[in-house]
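Each structure below appears as structure tokens.
Here chain A shows up in two complexes: once beside chain B, once beside chain C.
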Partner chain A sequence: MFLLFLILYFGNFGIIYFTLKGKKQCFLLLRQQQFTVQTILCLSETVSQQMIKFASNLNRESLLDVTGIVMAAPQKITGCTQEDVELSVTKIFCVSQAIPRLPLLIEDAMRSGAELDEEGPQGKAGQETRLDNRIIDLRTPTNQAIFRVEAAVCKLFRDILTEKGFVEIHTPKIISAASEGGANVFKVSYFKGSAYLAQSPQLYKQMALCADFDKVFTIGAVFRAENANTHRHLTEFVGMDLEMTFKEHYHEVIEEITDTFVSIFKGLQENLSEEIATVYKQFPAEPFKFTQPSLILNYAEGVAMLKEDGITMGDEDDLSTVNEKRLGKLVREKYDTDFYVLDKYPLAVRPFYTMPSVTEPGYSNSYDMFMRGEEILSGAQRIHDPDLLTERALHHKIDLTKIKSYIDSFRYGSPPHGGGGIGMERVVMLYLGLNNIRKTSMFPRDPKRITP
Partner chain B sequence: MAARSTPVQPMYHMRPYTFPNEPVYPSTSGMYRMAPYFPARPPSSASGEMNVSNDVSSYSEDDLRQLESVHLEIEKELGSLKTRVDACNKKTLQLERESESNKVDRGNQFAKLEKRQDSINQMVTNLKHEMNLLKQQRRTASPRSTPEPAKQSTIQPPPIPVDAVVKCHPDNPPSATLLVFSHLQKYTPVSWRSMCHSTLSTPYPLSSTLLQHVEKSIQPKLILTLIWKGEADKPTLQISASQTTIYCDHTIAKYLCRLYAEDLYEESTPQIATEIDHWINSFSMQLLAGSSKEKQNLIKNLNAHFGKNRWLVGDQMSLADIVAFSYLTNRNILEEIKLQKNVTEWIKQTSLELPFSLPTLQPLFTIPQS
Partner chain C sequence: MFLLFLILYFGNFGIIYFTLKGKKQCFLLLRQQQFTVQTILCLSETVSQQMIKFASNLNRESLLDVTGIVMAAPQKITGCTQEDVELSVTKIFCVSQAIPRLPLLIEDAMRSGAELDEEGPQGKAGQETRLDNRIIDLRTPTNQAIFRVEAAVCKLFRDILTEKGFVEIHTPKIISAASEGGANVFKVSYFKGSAYLAQSPQLYKQMALCADFDKVFTIGAVFRAENANTHRHLTEFVGMDLEMTFKEHYHEVIEEITDTFVSIFKGLQENLSEEIATVYKQFPAEPFKFTQPSLILNYAEGVAMLKEDGITMGDEDDLSTVNEKRLGKLVREKYDTDFYVLDKYPLAVRPFYTMPSVTEPGYSNSYDMFMRGEEILSGAQRIHDPDLLTERALHHKIDLTKIKSYIDSFRYGSPPHGGGGIGMERVVMLYLGLNNIRKTSMFPRDPKRITP
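Showing the complex of A and B:
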């Protein structure tokens, strides 16, 4: 063994999560965010027997201030992110002691599917236990990586759209009427009356366009009172919404959105390959595939593909979740892409403000975008003509008095426009190939959980 | 915005609100019309009712009417064809009297037309049969469906084009496929798209320009989707998700020929079609997969052949020539073989004489310099 010339003072704190006890020496495994290093205390002039005893009695997950010498490891260290070096301790201080019995063992939270099979059920940390003790759970390298990817998705979305000339806006979350005139809204008391939590910033995005902002986007909380306990529904999530005017065809909007997505995917591929690899280590998945430009299929083509595969469905039916997945698989087999757009949905399955198609009666200028066969964005060209909007609202039997201000906002001259809303948690979940949206929401909210 | 180049309109026209592939607003005129983004009247047919359709009962009267109109159309075409055949008949008789030498050629044409007529006849009988069957089934199904007029299908799905997906690596472009594709645009409305896959480290710069000379139709019957990948070494073809993946440039080219460009392949006599097969087989076995000795052997054969003949098979260009041309100008293959004089000459001649325009495809081919 030879000394490295470099002597580092670890000013930052490390958290122990594993100790190996010995009489004359003691190993500590220190973690700093997603990186881990092996630390050794050897009986010597600077390290006393008491010091080793002190170190070996420290509780797991305690916060330490360590000073030491970085040394080349005699052999490759397994189980650490820093495989070639170890730290020989000269000073060790405990800054904050963790309780001796942790409700969740971090090693359990770190096991991958393959390791779980070996360990059996006793080594398994269930989803609920993990979420109940989210603070400890979030310390795993995988979770550290997931939320770094999530941060990057947000940053990329913001940077790319700003670059494209979009303006970031902030919309109110307390609203007077349900945005889509329907269910799925949380009612909250508001002084003497009541108000609702916004289920989409859509109306405000549209109003911003009518106020001549040309292209806008917003990132913020969205609330849905859907009593759905599925792997992909949350009652509160982060919506990344964008809305833009267009000059000639609503495909300009699709182009802009898909372009943004491709840039996000590429940005992740380039800047976060390490984090992505870390996540794949615990939750193996195939790398995300996409094309540039993105694949755009007509809804009718998608239905035809499903029918060819032996599924019976009407041309005017919406895609069920099962069929959605199936179509995603078929598209992946044929086009080898995990990201695609389904364009021109039947008018009947879209909200009242969706612009009907001119060339194909019965269809509409609307689109959904899919990642790994699951919907992540739903959008459309919106009706910007108050009369047509009124007509469509009446057709959907919506109370006109409730949406009067919405319709009125198009009476003062309004540009043709379209847009869409993206669920951030879903994008991260599907990009990484995770199986549950609760893995990509730091403190998830669903019908059964509002803590922590 | 450059991609959205619409033909220049006179100043006094409403700008056509179109996208390269589809007209969004049907023919507009005047400059005072409002709101070109939606129909003046929203389609009243688009009611919220769901349509539960299955098998026969889903064929509405409209469908039948449409079938009938197609039937009529084909019959009309058949009539015109018949008169043409008659005229040809007359002409051949005349010519027969006049000269003996011309007879073979004319007879050939005559036989071709007759063959086509036969096939159309067959199609018409098939169609009639199908229609009768449908009518019958409809009659039996109608008592159930008549009491519920709401069940009528409210939307008419647009015709679905064939989407041939070709995945390929930039170093191994499917040149023959692209050549045949630019040829068959003469016979049917086509469209294409080209995408770079995420496995490609840098986007292929030529991807969007290669097929620029092929005009995208508004209602194509065939779409060629090119996906440039970083891994696939041989081009592959996928027409539907469930089908076995089809490998190799020449096989894909064959498929395209069978679809719409039979003049390059199977329209001719069985003998010629088999000869074409023979050449394509030897290219695939010797030039693609063979040892260097086999490769050189094939070049020797070709050299001898081109000494006497302009084309590989018959007296006009066929699929065999296109496949030969694309493989013999492929950089990877050229690295391993030495071309001989006649072959080099043939490549040069052919590059000038290709019957379809390929200005943008040119960078795919390495034309040997002397």
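Showing the complex of A and C:
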């Protein structure tokens, strides 16, 4: 017994149903998750004329419960994932009838990448329509594949880190004060007072390390009240965060993180090749390239590569999104990798809690990581000395009274530590070479969308 | 090389340091996560008088980097987890000095359960003080153990469900309308408008099933704006949610969930017996009992047991917290289990989307699950027929315009399904027999606490 969605009467996308030989038989194309199978009802002792008529009148996307005999197909069936067999139906039951006029057709949601994003007469399956009707949109084989890749990314992240001795923690989303200065933070009414939604679990990860948890990770919602309507920003996304103590050098942290990424990439290649191929079929992209060990470039080297390529920028300027993309291309040409680390950012462009470099004044022990030229992780060694932290906060003109409890966290014995925060939807988007983060968030949130 | 926290100079809890034989040697008791080791500095070629003096002047809870030789202890060391060895120090480096007057002492946070919750002169390590100074509090072996048990619960939940074919999804916390009528929901300022924090991922889990994901789970923050200051309520907690389609009967869902719980309980027994023993040492409790298969009682049977025990209540009244506890005791006496399911709740006490029972009018296909007499899961078969859903919403006098998109979700072909939501912190609290949910939330949130 199966539960399958009726895609259409076989053989004709445009016509609602299609039977052959004076209605003595009827073909149905049925779908279950990523798989499709051809089904046939033939007039016989068990299959009546009425049954064929009933089947012919079912609406597309209705959910059917079908019993039948699996039979070798007389010839290879094209257009189905099950090419060698068909199902000869003996019983058919409609579990749930779909309405006749669907607000979105699966075949529209399945058009190739270029067609899909076009406006105009084809535009009925444009991104907004698809997201408005996400339940139907998510039924495409591509979406079934994307969210299985996403589940695998999280599973790999957790399994790899658990194996390395990290402990999973859960950090609060409701916080009493805006963690990083107060910009871009959502305010919440909290009984008679108010609170904020956490922009990152960073402080709590750090507190867990100060509480001797040594290495921690957490996966959870993070919130950014940025009015940024771009292909890569969401107001709510899933953060894959990790933080760890180290013994000698913050590069121990970089090594642990890059090693985790490489294991994730390998795990996806090994276990999800079918799903990845399914996505590429609708949205063609070059397979994701990475090296082992991962490429680590100093920020200064990155800037030099850009300058050599004709970009004008100061040595300690921050990278624009455009320049990040460009550097990604240059790195791919030179080093043949879509994943790399940019290390030792200028101190001036990083948050106050970033550890300054001792050996290279003006720079810091901080890094970003990139996939296909877009940032997917930002991280650093954090200052664990309360006096230095105070000094840096004052330098950034931060009101010390607002971060007193943060600074006090380091007064009870605290280890040197570093970590980073990873945007889950970005990792999936860039690994698969997709062009919009809304494709990798099941129910995306942006400044203009909080439904469905 | 190790990073260890200095607990105290060995042999004397009350005095800050303690050296022997005219300062020719000094003992340190060091801690790393759940483990403690005795360390000795002896005047020698490598250990100078100054070194001993330096070590003697370190503040408790300072973080040390120690190099030394592991040696068999001349006699069993009591009061350390490492009883058979001690560490003879050759190098000692203070990574981070703690302030001399700590706001909370570890030995106060480690008092036995009864002492700990007492007020009065001992009260300085009462719950509020401990939570105010959570970084220090979390360093106790008990807390190190509790949060490792918690991490294991999540890991087991995910691994077991993944094995069963469930797909992990992520659901938005920011939603446009209060999902269940509007009470107890936090309001968020959202750019120029407003939004709410999700009280549960239920609608999104259901949508994922309607989108043919078949079986899904999600672990994430859920928010309840209830002004409930009890031992078992938090305003933000971690929900372990699952939802699945079924073929014949909603008991397939109950079976899948109870099977998952039993596997979690077994996994904890097998892999975390040391951590569990550590918790029981500070907070004595009877080991958690369960049966396999799990006990499923009908609601009516539960009510009958209570009535027989002298409770006065109507057959279709909801269970009060006190009666739930009492029923838990009766069930334990009769069936020798701390875990059971109460099935077929009266329809009137459940939300509008609960599937009514066809065979037993007045009842519903819904269930709660209990650990040590407290509810840890609430679940049901949900109505997947838009007409019945409309009828039930009208019966509950719910404004149909506010739930239109929810009802529309079921118009495109939708499978029969059910599921439930589990309070993670409650599961850990009740499995370990703890008396307050704040003990199993790393940074708890309640109506009066949103720090640290």
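Heads up, the rule we're going with is that the second predicted complex is superposed on the first by the 418 of 452 C-alpha atoms of A that agree within 3 Å, B and C clash if a C-alpha of one lies under 4 Å from a C-alpha of the other, contacts with A are read in each partner's own complex, and residues count from 1 in each chain.
To be clear about the criterion, a contact is a pair of C-beta atoms (placed from the backbone, for glycine too) under 8 Å apart; a residue touches a chain by one contact, two chains touch by 3 or more.
Not measured: the values here are computed from a predicted model.
Colleague: Looking at the overlay, what does A:Glu107 touch: chain B (first), chain C (second), both, or neither?
Modeller: neither
Colleague: Could you let me know whether more residues of chain A are touched by chain B or by chain C?
Modeller: C
Colleague: Once the shared chain is lined up, is A:Pro416 touching chain B (first), chain C (second), both, or neither of them?
Modeller: It touches chain B and chain C both.
Colleague: Quick check on the superposed pair: does A:Asp259 touch chain B, chain C, both, or neither? Answer first, second, both or neither.
Modeller: neither
Colleague: Have a look at where A:Leu295 lands relative to chain B and chain C in the superposition and call it first, second, both or neither.
Modeller: first
Colleague: So in the superposed three-chain picture, is A:Pro346 touching just chain B, just chain C, both, or none of them (first/second/both/neither)?
Modeller: Once the two structures are laid over each other on A, A:Pro346 reaches chain B alone.
Colleague: For A:Glu308 in the superposed arrangement: first (chain B), second (chain C), both or neither?
Modeller: A:Glu308 contacts chain B only, not chain C.
Colleague: When the two structures are overlaid on chain A, which partner does A:Gln32 contact: first (chain B), second (chain C), both, or neither?
Modeller: second
Colleague: Which partner does A:Glu83 contact after superposing on A: first (chain B), second (chain C), both, neither?
Modeller: Neither chain B nor chain C is touched by A:Glu83.
Colleague: So, A:Glu226: does it touch chain B (first), chain C (second), both, or neither?
Modeller: In the superposition, A:Glu226 contacts neither chain B nor chain C.
Colleague: Which parts of chain A are touched by chain B and by chain C alike?
Modeller: 247, 384-385, 416
Colleague: Write out the stretch or stretches of chain A touching chain B in their complex.
Modeller: Residue positions touching the partner: 247-251, 265-266, 269, 287-295, 298, 300-301, 303-305, 308-309, 312, 314-317, 329-331, 333-337, 346-348, 355-356, 358-363, 381, 383-385, 388, 391-392, 395-396, 416.
Colleague: What part of chain B is in contact with chain A in the complex they form?
Modeller: Spelled out, the residues of chain B in touch with chain A are 1, 4, 15, 17-19, 22-26, 35, 37-39, 42-43, 45-54, 153-158, 160, 163, 165, 167, 193, 195-199, 203, 225, 227, 229, 238, 240-242.
Colleague: Taking the touch rule as given, give the residues of chain C at its contact with chain A in the complex, in rising order.
Modeller: Answer in residue numbers: 1, 3, 5-6, 31-33, 61-63, 65, 95-99, 102, 134-139, 143-144, 147-148, 150-151, 154-155, 158, 162, 167-176, 186-191, 195, 197, 204, 207-208, 210-214, 220-221, 223, 225, 227, 235-236, 238, 245, 247, 384-385, 405, 409-416, 424, 441-443, 445, 447, 450-452.
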